[in-house]
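Letters A, B, C and D mark the chains as written, and numbering starts fresh at 1 in each.
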Amino acid sequence: MTISVGIFGASGYTGGELVRLLACHPSVRIAFVTSERHAGRPLSSVFPHLASLPELICQPLEVSRATACDVAFCALPHLASMDVVPLLLEQGIRVVDLSADFRLRDGEVYQAWYGAAHKAPALLDEAVYGLPELGSRSAIRQARLVANPGCYPTSVLLALAPLLKEGAIELETLVIDSKSGVSGAGRSATQGSLFAEVAEGFRAYKTVGHRHTPEIEQELSRLAGIGMRVRFSPHLIPQSRGILTTCYARPRKTLTPGEWREMLYRFYQDEPFVHVLPLGEYPATNHVRGSNQCHLAVALDERTGWLMVVSVLDNLVKGAAGQAVQNMNILLDLGESAGLEQLPLFP
Amino acid sequence: MTISVGIFGASGYTGGELVRLLACHPSVRIAFVTSERHAGRPLSSVFPHLASLPELICQPLEVSRATACDVAFCALPHLASMDVVPLLLEQGIRVVDLSADFRLRDGEVYQAWYGAAHKAPALLDEAVYGLPELGSRSAIRQARLVANPGCYPTSVLLALAPLLKEGAIELETLVIDSKSGVSGAGRSATQGSLFAEVAEGFRAYKTVGHRHTPEIEQELSRLAGIGMRVRFSPHLIPQSRGILTTCYARPRKTLTPGEWREMLYRFYQDEPFVHVLPLGEYPATNHVRGSNQCHLAVALDERTGWLMVVSVLDNLVKGAAGQAVQNMNILLDLGESAGLEQLPLFP
Amino acid sequence: MTISVGIFGASGYTGGELVRLLACHPSVRIAFVTSERHAGRPLSSVFPHLASLPELICQPLEVSRATACDVAFCALPHLASMDVVPLLLEQGIRVVDLSADFRLRDGEVYQAWYGAAHKAPALLDEAVYGLPELGSRSAIRQARLVANPGCYPTSVLLALAPLLKEGAIELETLVIDSKSGVSGAGRSATQGSLFAEVAEGFRAYKTVGHRHTPEIEQELSRLAGIGMRVRFSPHLIPQSRGILTTCYARPRKTLTPGEWREMLYRFYQDEPFVHVLPLGEYPATNHVRGSNQCHLAVALDERTGWLMVVSVLDNLVKGAAGQAVQNMNILLDLGESAGLEQLPLFP
Amino acid sequence: MTISVGIFGASGYTGGELVRLLACHPSVRIAFVTSERHAGRPLSSVFPHLASLPELICQPLEVSRATACDVAFCALPHLASMDVVPLLLEQGIRVVDLSADFRLRDGEVYQAWYGAAHKAPALLDEAVYGLPELGSRSAIRQARLVANPGCYPTSVLLALAPLLKEGAIELETLVIDSKSGVSGAGRSATQGSLFAEVAEGFRAYKTVGHRHTPEIEQELSRLAGIGMRVRFSPHLIPQSRGILTTCYARPRKTLTPGEWREMLYRFYQDEPFVHVLPLGEYPATNHVRGSNQCHLAVALDERTGWLMVVSVLDNLVKGAAGQAVQNMNILLDLGESAGLEQLPLFP
C-alpha cells in the first residue's frame, strides 16, 4: 500500500525536512508540495540538497489540490495554518499540523500568547496533541487532526513526564533551562540569525515569555494532574540543529541515583526513539542529529539533594518533521518507526 | 538474502560511518566490529550516536573471526591494513579496503610516499580501484579486493574525468585547489584538530606533497592516456564534513558554457550519485552532507578563456564509507544504491 | 615606569592570552616566558598569532629566573602551581596565580575536590581572592599573592553579588546553569575537544561535582554571610571563547523589573568592566569577546514571580588573563584599566 | 594633538570595526557617526559590543556635519559613496573611502562592473589607491581622497607584488583561488548568510565575474607593467572573519624554496604589518584575526616546478577598517601603526 501525502509550506526548514524523510519512507509517495513564494519552481532550486528529486515542483497554496492525498502535512506558520486546516478536514483529509495553531486547548490562552483570536476554536478540543510516548497513541490513531508538538515542549515533556507521573518532584522548585540551535528560528532572513551574529555568540533570548511556555504548562499540568506554571528560559546555540534542555527540581522522594535512572528507564523501555543513558554519561545534540531519537540523562546532586534531568533531540526531527511522520505512521498503522530508522549523523 | 559483513577498525570516523550505513542496509547484517583499543566495550560507548545498536561489542582485531562474514571492510590505518588484508583473502573473504595500502599500482611509488616497503606487492596488481563511475564496474564485480579511493582523489577524479576523456584541456595548465572538513584528519586527539584551533581558522596545509597526490596522478594519467603530474593543494575548512575541489585549466576546445556543462552532464547522466548543476548554480558541501552524492558545476571564464570545474562530496560518505558500500553492492550484485538512498541532511 | 613581568606556563591558552594583553600594556615589559615542553623554541612557533613578537623564547621552568621580574603570573596547572608559588614569594616576587591552588581557604576542601593534600596550606589564608568588583581592592593592593578567580566563579559571582548583599533572594531556591566555550578545557589534545566532536554538539558535562563548585560556594557564602551549597551545572558550547551563566531564584522582595535592574546598576555603576544591560536586552558571548568586560541582564518572570540574572564574559579575559592583569594593575597602582581598554571583537 | 574623525555608515560591519579601532586610537576623537537607518539611537543598541561607548549616537547622513572633523571615513555602500565624497572634499575634508567607488581609474570599467555611470569621474584620477606596502605612501600623505582597497584585492596584491616586481612568474599561468569568511557579505539580512545555510557549507560563489576582479587586474597590471587579466575565484568559508588566498603560477626563474622565501622576505622586511612565514609553516586566518597583520607563505612544488604563495588577513581589518586607519595615520603623519598595535585574538 502506498500512501499519498501533501506538504503545505515546503520551503521552510521543517518543510524541507518533511520532504527528506518522506521521500525515503517505504510506504509513502509525495503527491505535491506547496510554496507560495516559489510556486512554479522546482523544490531543488529552493533546497539544492534535494537535487535528486527534480520531479517536485512547488505548487501555489490551493487547498483543493489536497484531494490528491490521504494525509496532509501542514508546515505553515502559526496564524496561517488555522485558515487552511479546517478546509482540509472538510474535504475529508486527515491532517498533521506542525504549527502552534492547534496545540493549545484553550482559545483564550491562544489569543493571549499569539495575539489573535483563534479562527477555528471548535477544532481545539478535537485536535490530538501528538506526543506518542506520553500515552496518546490510541487517540492519535483515530484522529482527524494531530497537533504536532513544539520542539522545546517535546524536549521538556519527555524529560519530565516520568517524574510527574510518579509525583516525584516538588513542582514549585522546577526550573527549565533550554538551549536550541538556530534552525529553530526558521529560514527567513533576519539579522539575528546571520552566521556572523550567531557564531561564537551563545545568548539568552526571551528569558521570560517565550510562546512555548503555555504549551509546556498545559501538558505538564495534564501529566501532574494539577495546574502548573513553569520557569522556562530558552537560549540560542551557535549550531544549526539540536535542543538540549536541563531541568532542575527538588525531589519528593529519597532515591539513589540508580533508582532515579531506573524510574526513567522503565517509563521508556519499550519506546524505540527514547534512550535513557547510563549514569555518568552526558547527552549531546550531535548524538541524535538527523534522527528521531531523544536521549535522556538523570543526575542526583547528592550534596544539595536536587535532581537534574537532561534531554537532547533534533529540533527538526523529533522536535518537528520526524515526530510528524511518527504521528502519520500511527494514524495509518504503518509501523511507528517506518521511514524513521536512519541513525544519527555523527560527526 | 542477507549478507554478513565484518568491519575492521570500527572506532574511527570512517568505521563509525560504515556502521551507520550498513546497519540500515536492507540486505546486510553486521557480523562483528573490531577495535583494539576499545575491545570488550559496546561500540555505543565509543560512539554515543549508535545508542540504538547496543548489541555491537568491539572485538579485538583477530583475522580468524572474519570467517563469520561474506565481505570484510577494512578501515584500518595505512601500513596496518596491508598486514590484515592478505590474511582475509587467504580465508576466501572478499575485501573492501578503505586505507591507502592498495590504491597505488606501483610498490615503489607507495614506498616513496608512505615511507615503508609494501608487504603485499603481489596484490597491488590485483586490487581494483573502486571508483564505479569511472568505468570499473565489471572489474569490481569480479574482484577479491577493492581498493576504495581516497576522499580528495574521488573529488578530483569525478570533476576531471569527462574533460580528460575528451582531451578537452591543456594538462600542463591544470591547478587543483581542494578544501576539506576536519573529520578527514581522523578521530585521534591532535592539537591541530581541536575546536579552538580550527574554528575561524581556515588554513592551507601540505601545500605541496600531500600523500593523495600520487593516487590522483595515477588515475588521471590512466584517464588521459599519458603520464601526468599535478599541482594539488589541500586546505582545512572549519567544518566537520565535506570536500570542495576547484579545478582550473585552459581548454583545448572552443565551446560555450552550455556545451561544457553538457559534456559533464552526458558523462554522468545515468549515474545515480553524481549531479551536474545547472549553469550559474554553485555547489556547497552542505548540499551533499551525509549522502553518497557528488555535485559538479562547470564555469567558463569568458574573459580569460579558462575553464573551472567544482565538485563537492561528503568525505566520509562518497569519499569513504558510502563509496565502500557502493563497491560492496556491485561486488555482490545487491543493487548499486542499496542502503545509500538517504538524502543529504540540510541544514 | 616600566614593570617587568614573568609568565610561568605560557604555552596554554591562558598563557598566550597573558602575552597578548601584556605585550600591549603601556607600563609593562615581558621579561620572560616559560614552557617546559617548548623550552628553547620561539613562542611564535607555539602560537603563530604572536609572529610579531619573535624575541620571546620559551624558557624552562626555573624559579630562579624570576628575580628578573617585579611580578610573576603563574599560569601553570593546579597541583603544579603550589610547588612554584612559595618559591617565588620567598624571593620577594609578588605573584598573581591563575590556577585553582590558592582560591580555597580551607585545605581540606581543597584536598576533597582536587585529590591531593595542599603543599602550602599556610598561604591559603594569606592569598587574596582577586575579584576586585566584589570589594577586595584594598586587600589586593597589599597582597603578596593574589589568587585569580576561576572563569565560572567570576561569571556566577558578578551575577549574584548584588542580590546576596541585599539578601534579596531565597538562597535555597537558587539554580545556576552555566555554559562555556571549549577553550576553557585548555590546549591539550583530547578527543572530547576535537572540532568534529564539539561542532553542532552542545552538551552537558559534570552535571554535578564540577571543581568550581566549592569556590563558588565559598565566595557566595561570604557574600551572603551564611554557609551555602549551590546547584551548579556546566555545559559545553560549540564555540571557542565565552561563558554565559543563567541564575534562577525566588526573590524575597517584591520589586518591579526596573527596580531589580536598578539594584544591579547601582552596585556596578562605578565599575569600568561591568555593564548592566537595559531591560529587555539579552547578553551574548560575542558582545564581550576579547575584552575584560562582563555584561549582566536581569529579568523578572512576573507570571511565576521568579528572578533571573544572566551574565556573559570572555573566559580567557575577565575569566582569566584579563582579570589577572586587572589585579596586577591594582597591586602596582598602574590604573586599573591599563592595558585592558581594547573593545570586544565583533563579529 | 587630537584628530577629530567622522564615520559615515557606522552600522555595517566595516563601520563597527572603524569605531572599535578608532575609539582606542591614541590621537583620535570620534566626532560623530552616521546611520540613516538607526538615526537617533545609541550605536551601542545597534552594536551591543560597543556598550562602553554610550555617548555615540547615530546621526542622520548629513554631509554638513562633517565640518566638525579633520578626516572623514566613508563606509557607505558603493554607488552611495560617490554621492557623498565630492561634497566632503568641497568642504575641505580629507576622506578615506572604504567603498569600491574610487578604486578604479577608468570610469568605463567602473560602469561595466557596477552597472551605473560614475558620478564623479574627475576624482578617479585624483584618488590614491591606499595600499601603503605597495609604494604609495608619499602619494597617500598628500592625498585629499584615499580609495581604501578591497579585501580580496589586498590579499592578492600583497601575495603577488614581490613576484611581479621581479618579473618572476609567467603571468598567463596565474590562478588565484580566494576564500573569505562571511562578514565580507555585510550585515544585511540575506538567506545566503544565515548561520544554518553557511555552517558546514563551504561553497564556491561568483566563480567568474566577481567585482573585485577589475580592481585586482588594474593593480597587478600596474605592478607588472603590462596589462593583465586574471583568473580569480572566491569561495565562502563557514567563519565570520578572514581571507586566505592561494596563488599558483609557473615561475620564470629557477630558484630554491629558500630563495623564493627570501624574495618575499626582502620585499616586506621593513613592513610592520606583513610577516613572511618560515618555510614549511602554513598560514591560517585565526593567526591574524582582529589585527592589521598579513601573513604570507611561499612554497615551491619541486615535482612540477610550480610556485604557490598563500596570504591570510582579517577582511575587516587589513582588508578594510585597519587599512583605512593605517592610511589615515599616513595622511596625518600620526605614526603608521598608531592604534593598530593590538595583537591577533587567538583562539
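By our rule, a residue touches a chain if its C-beta (ideal position, glycine included) is under 8 Å from a C-beta of that chain, and two chains touch if they have at least 3 such contacts.
Quick caveat: nothing in here was measured; it's all calculated off a predicted structure.
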Chain of greatest Cα-centre distance to chain C: B
A-B or B-D - the one linked by more C-beta pairs in contact: B-D
CA centroid of chain A to CA centroid of chain B, Å: 36
Centre-to-centre distance between chain C and chain B (centres being mean Cα positions), rounded to whole Å: 45
Separation of chain B from chain D, taking each centre as the mean of its C-alpha atoms, in whole Å: 38
Set of chain C residues in contact with two or more other chains: 13, 181, 183, 196-197, 199-200, 238-241, 284, 286-287, 289, 347
Residues of chain D defined as touching chain C within the complex: 13, 16, 19-20, 23-24, 45, 47-53, 183, 199-200, 240-241, 272, 275, 277, 281, 284, 286-291, 293, 295, 341-347
Contact footprint of chain C on chain A as seen in their complex: 173, 175, 177, 179, 181, 196-197, 199-205, 207-209, 213, 229-231, 233, 235, 237-242, 244, 246, 248, 282-287, 289, 297, 299-304, 306, 308, 310, 312, 347
Complex contacts: residues of chain A adjacent to chain D: 13, 181-183, 187-191, 193-200, 238-240
